[in-house]
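Below: one structure in structure tokens.
Order of writing sets the chain letters: A, B, C and D. Residues in each chain are counted from 1.
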Amino acid sequence: MAEKNEKPRTIHTVLRVPFEMALGPTWTRFFEGLREKKILGTKCKECGRILVPARPFCPRCFEPMEEWVEVAQEGTIITWSYVNYTYFGVTADMIPIVPTRIKLDGVDGGWGGRIGGFDIKDFDLVNKKVKVGARVKAVWSGERHGHLRDIEYWEIIE
Amino acid sequence: MGRAVAVIGTGQTRHGRRDDVSYPDLIKEAVKAAFEDAGITSQDIDAVVYGSMPSMMEGVAYNHFYFADALRVVGKPLLRTETCGSTGQSIAHTGIYWIASGMADIILVVGSEKQHEGDAQATMTTIPEAFMHADFVGGAPVAFSMQSREWMGHFNIDEDKAREAAAIISVDCHDGGLKNPYAHIRVNITKEDAMKARIITYPVRLLDVCPSSDGACAVIFASEDKAKKICKKPAWVKGTGFRGEEYFSGDSSKAVWQSAIEASKEAYKQAGITDPLKELDVAEVYNPFTYQQLMFLECLGFCPPGESPDYVVKGVFSPGGKLFCNPSGGVLCTNPIGAAGLIRLAEAAMQVTGKAGAIQVEGAKLALSHAMGGALQFNGITILGSEL
Amino acid sequence: MVEAVKSPEFPVKEYKTGNKDTVLPYNWALGPTWTKFFNGLKEEKILGTRCKKCNRVLVPARTFCPSCYKDMEDEEWVEVAQEGTVETWCLVNYKYYGQPKEPPYIIAQICLDRADCSVTHFIGGFDLSDPDKVREKMKSVSRIKAVWSKEKHADIYDIAYFEPV
Amino acid sequence: MQKVGIVEVAMTPGTESSLSLMEFTYKPVKEVLDKAGLRRDQVGTYVLASTDIMHSGMSCANAFDWDAAGAFMKPASREEGDGITAFIYGCMRIMSGRHDTALVVGLIKGSENAENDTITSCFADPFYSRPLGIQETTAAAMQMRLYLERYGITEEQCAKVVVKNLGNALFNPYAHIKKRVSVEDVLKSERICDPLKAMECAPKSDGVCAMLLASEEKARKLTNNPVWLKGWGSSMDTFYLGDRDLLDTQLKTAAVGAYKMAGISDPRKEIDVAEICEPYAFQELLWCEELGFCAQGQGGKLIDSGVTQIAGDLPVNPSGGVLATNPYVSRGLYRVAEAALQIRGEAGQHQLDKKVNTALACAGYGFAGQWHGVAILGN
């Protein structure tokens, strides 16, 4: 048995494993759309649902989703939260964040984004302005890279 | 389905921050306890099922290799099942199917997590799709807060009423944790404390959130013949259910959580349960967040949709209520993720066999255990009973 | 993972991809047995445990005997020899991300005297640059002994490598 | 015990794909469903095999894989392990009598992951084996040296496995590496981890394999040509290499279990073809011994005799095996699929020139083969 003076130790390390994912034709086209300030979805020929981000196939009907649709850049908040804590990879200067799920007009289902355009450090203000059911619209960033952050944030429309 | 299956023994580690032992030793602590509880040795075991959260959580991938000795599986078959947070239920299901299929008679099922070896929230950010989702999801609290908010919005639930109900759940669980010898969090709290605790991810406050725990749980399952031979009072598997939704969490409503509803329906059907609130004696519901438990009370059919806060405030799910939920303190007090769903099952088994000690629900005969996981995707259920 | 070798670039692809490196922190608990084992290395001692049931001495020390499943209390600490014989070895002569040091190096299984299993470690102390010469030399190597690092951190690298006797 | 039949299989080629992992997985699943004439929701249950650390950087792999596997709102599970474990779990779900069909999917895009050696070094414990550079290649190299020295197996004999398997792969449309090579070429390839040469190590491949299983009654309805599971055995070894005899692995235990269940007493005579998992060339010889195809230490003579050639008495890896195609997680399911295709007579250009009644498929993973599973299939 370990003697009393030998307090069990721990070893600290950071592990990094590299990966490189293929975006594939569907998501490549979706991200190219963002570069052109377009939000693209695909429509299922069986159930008629339009999903954003675009999908290669309908998860429910399991048929290819080949019909592309440019969807509205405005929608309604389904839900939101207020992130105010740090963890590995997220430092104090990166918070708070107001993540949200938005139902874009004409789209079935919701997709994610961040609320912005006002001082989100003020929680009471956030809680006053951001409501389930509130209307939002996309605000595009000046420089776009075919990346999700090409939409800088979603702005509340009064 | 197939052959009848029973739980003949359970074992848990002391859960908490376990820097005092290495990971394999933590596993062994639970395995040994389960053997002792069942009164058998590793020689009686036909096979082992193991599971944990993603390997990256502790930085050892395929850690069933590393744990082979601690799991007592050398020279025997092993399956490793993993379904994210619902792993604890899924590994139990693997063991149950294995015996029901006739391919084995006695199986050791082990789930574990040693969250203090890694950074749980950072690991969780590797679950959502890297280019579509990861940016918006800051670990589990955000996903669950978003879901709570969606639920309140959908049913137009008064925020203060939900807040009060969540606080009652928090108090009930923390009281349970104090009495449960294995629990991680042991604090005496009041409703007031819970309602005013620090905000983590609005509306979730500190006392609405589970801890990060180290711990393991082992459960031994046996076929009908073996169970009757070995065990005086086995806990019989009455029904199981498992369902999963789409990966992109926006694709289906999370306010009316279909996978939880359908998984429980499947289990109730097998168990011949038509009115769960009336027929179940106790439930171990997966509740990493108090608000989550509110939603589950509805999805699992314990009360009508949108009405769980009313029921909770009335004391229906509190000690002495019609269906006491989480006498063990639940995930809210103890959360070694890969083990957490199996701990629910072990606690349910202990309840229906009268082994739950200080947290025993008097005369419990039928118990539900549950776990959920994924990007708000998966729900698994196992119902145990004292009678075959 | 020791970053002795720079992360390789993925080959350039003709289709669109995204890089997603997983970088995560860990704090691994050694537990009392391995704490004692590694602290032993710091004092230039190689410690094993003897299972009181099967009588085998296992190195590194174990909290329980993997075959008898007996507890720590049933194990007896034993200092084993710093010399032993080579059971098998390989010469690593290629690079991959995450490897422990710059190749070439030899990894071997070594049976230390007084132990009933073999330990893994490096073999070194001679020129490894020519694989053919290494193979020729290793044919005649059977006995080897531990060479200790000057600076010790109570980890497995406290033994720098084993060298032919 | 309910009899289980393989109804249909589909797989992707092992070559690098530019599809996203989601699209890549969807295709063979859809193909299997279309072949069987089933809709996604008509399948009873799903079992996936994928591995967090070999999953393009996304953990909880089943979360991402759920959609493409077709498992939306179905009773389902996931094995974090070799694809052959998903196969047997799918079989067990049917044997339990609860489901009459099961769809099993093993998936990986090796091209998106770090090198296999980087990843397998993460299997090692963090204190001892990992800092000393133990991963699957170094463990295999030490196993090989022991094999050469203890039994006098020659490097030429090991190289012959590469010649045979890459040659067989020439006729397999799903193979990743197809090459006509000589023993000389193999021996001259770089000694990356002496005694292992570069050409003796499997590549890193992409690969999804989907397989539809059914109960006896249902299988007969869905196909005229079902292949039945006859036997299964699997076993796990102890962790530390130093605690094991690397030439006495748990494949023996696994094989004994599978043969017993299938009623096989003389595997060398009763098995018509074997698809086995040989990420390192010499392992095919060692595994053949442990499977009872020849006596201990006679693996070298076995390959010399030509028995394991595609036209031999007991062809081993007519598909080209793992040396040709190594989609790490799904490679075990590929073995089962290839064995099933041989029995059905649908293997195409690498179909054996004889009637195949009984086939063996096995898979192993972990350092020096810590875990092994063996399946026996029959017509």
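Observations on the structure shown:
Keep this in mind: contacts are C-beta pairs under 8 Å (C-beta built on N, C-alpha and C of every residue); 3 or more make two chains touch, one makes a residue touch a chain.
What you see is a predicted model; the values in this text were computed from it and never measured.
Looking at which of A-C and C-D shares more C-beta pairs in contact, the answer is the pair C-D. Among the remaining chains, C is positioned farthest from subunit A, on the basis of C-alpha centroids. In whole angstrom, the spacing between the mean C-alpha positions of subunit A and subunit C is 44. If you average the Cα atoms of subunit A and of subunit B, the two centres end up 28 Å apart. One inter-chain figure worth recording: subunit A and subunit D are separated by 38 Å, centre to centre, where each centre is the mean of the chain's CA atoms. Of all residues in subunit B, those that touch two or more other chains are 19-21, 56, 59, 69, 74, 119, 122-123, 126, 130-131, 246-248. In subunit A, the residues touching two or more other chains are 8, 10-11, 13, 15, 17-24, 27, 31, 59-60, 88-89. Residues of subunit C found to touch two or more other chains are 1, 8, 13, 15, 17-18, 20-22, 24-34, 38, 66-67, 97-98, 155.
Taken pairwise by the contact criterion, the protein chains are fully connected, each one touching every other.
Residues 11, 13, 15, 17-27, 56-57, 59-62 of subunit A are the ones touching subunit D in the complex.
Residues 18-25, 28, 32, 42, 56, 58-59, 69-70, 72, 74, 114, 116-119, 122-123, 126, 130-131 of subunit B are the ones touching subunit C in the complex. Every residue of subunit D that touches subunit C in the complex is listed here, in rising order: 18, 56-59, 112, 114-115, 117-118, 121-122, 126-134, 138, 141-146, 149, 190-196, 198, 238-243, 246.
The touching residues of subunit B, counted against subunit D in their complex, run 1-3, 48, 51, 53-57, 59-69, 73-84, 90, 93-94, 97-98, 100-103, 123, 126-130, 241-248, 258-259, 262, 266, 373-375, 377-378.
The part of subunit B that touches subunit A in the complex is made up of residues 19-21, 56, 59, 119, 121-122, 125, 130-133, 135-139, 141-142, 145-147, 149-150, 152-153, 199-202, 246-252, 254.
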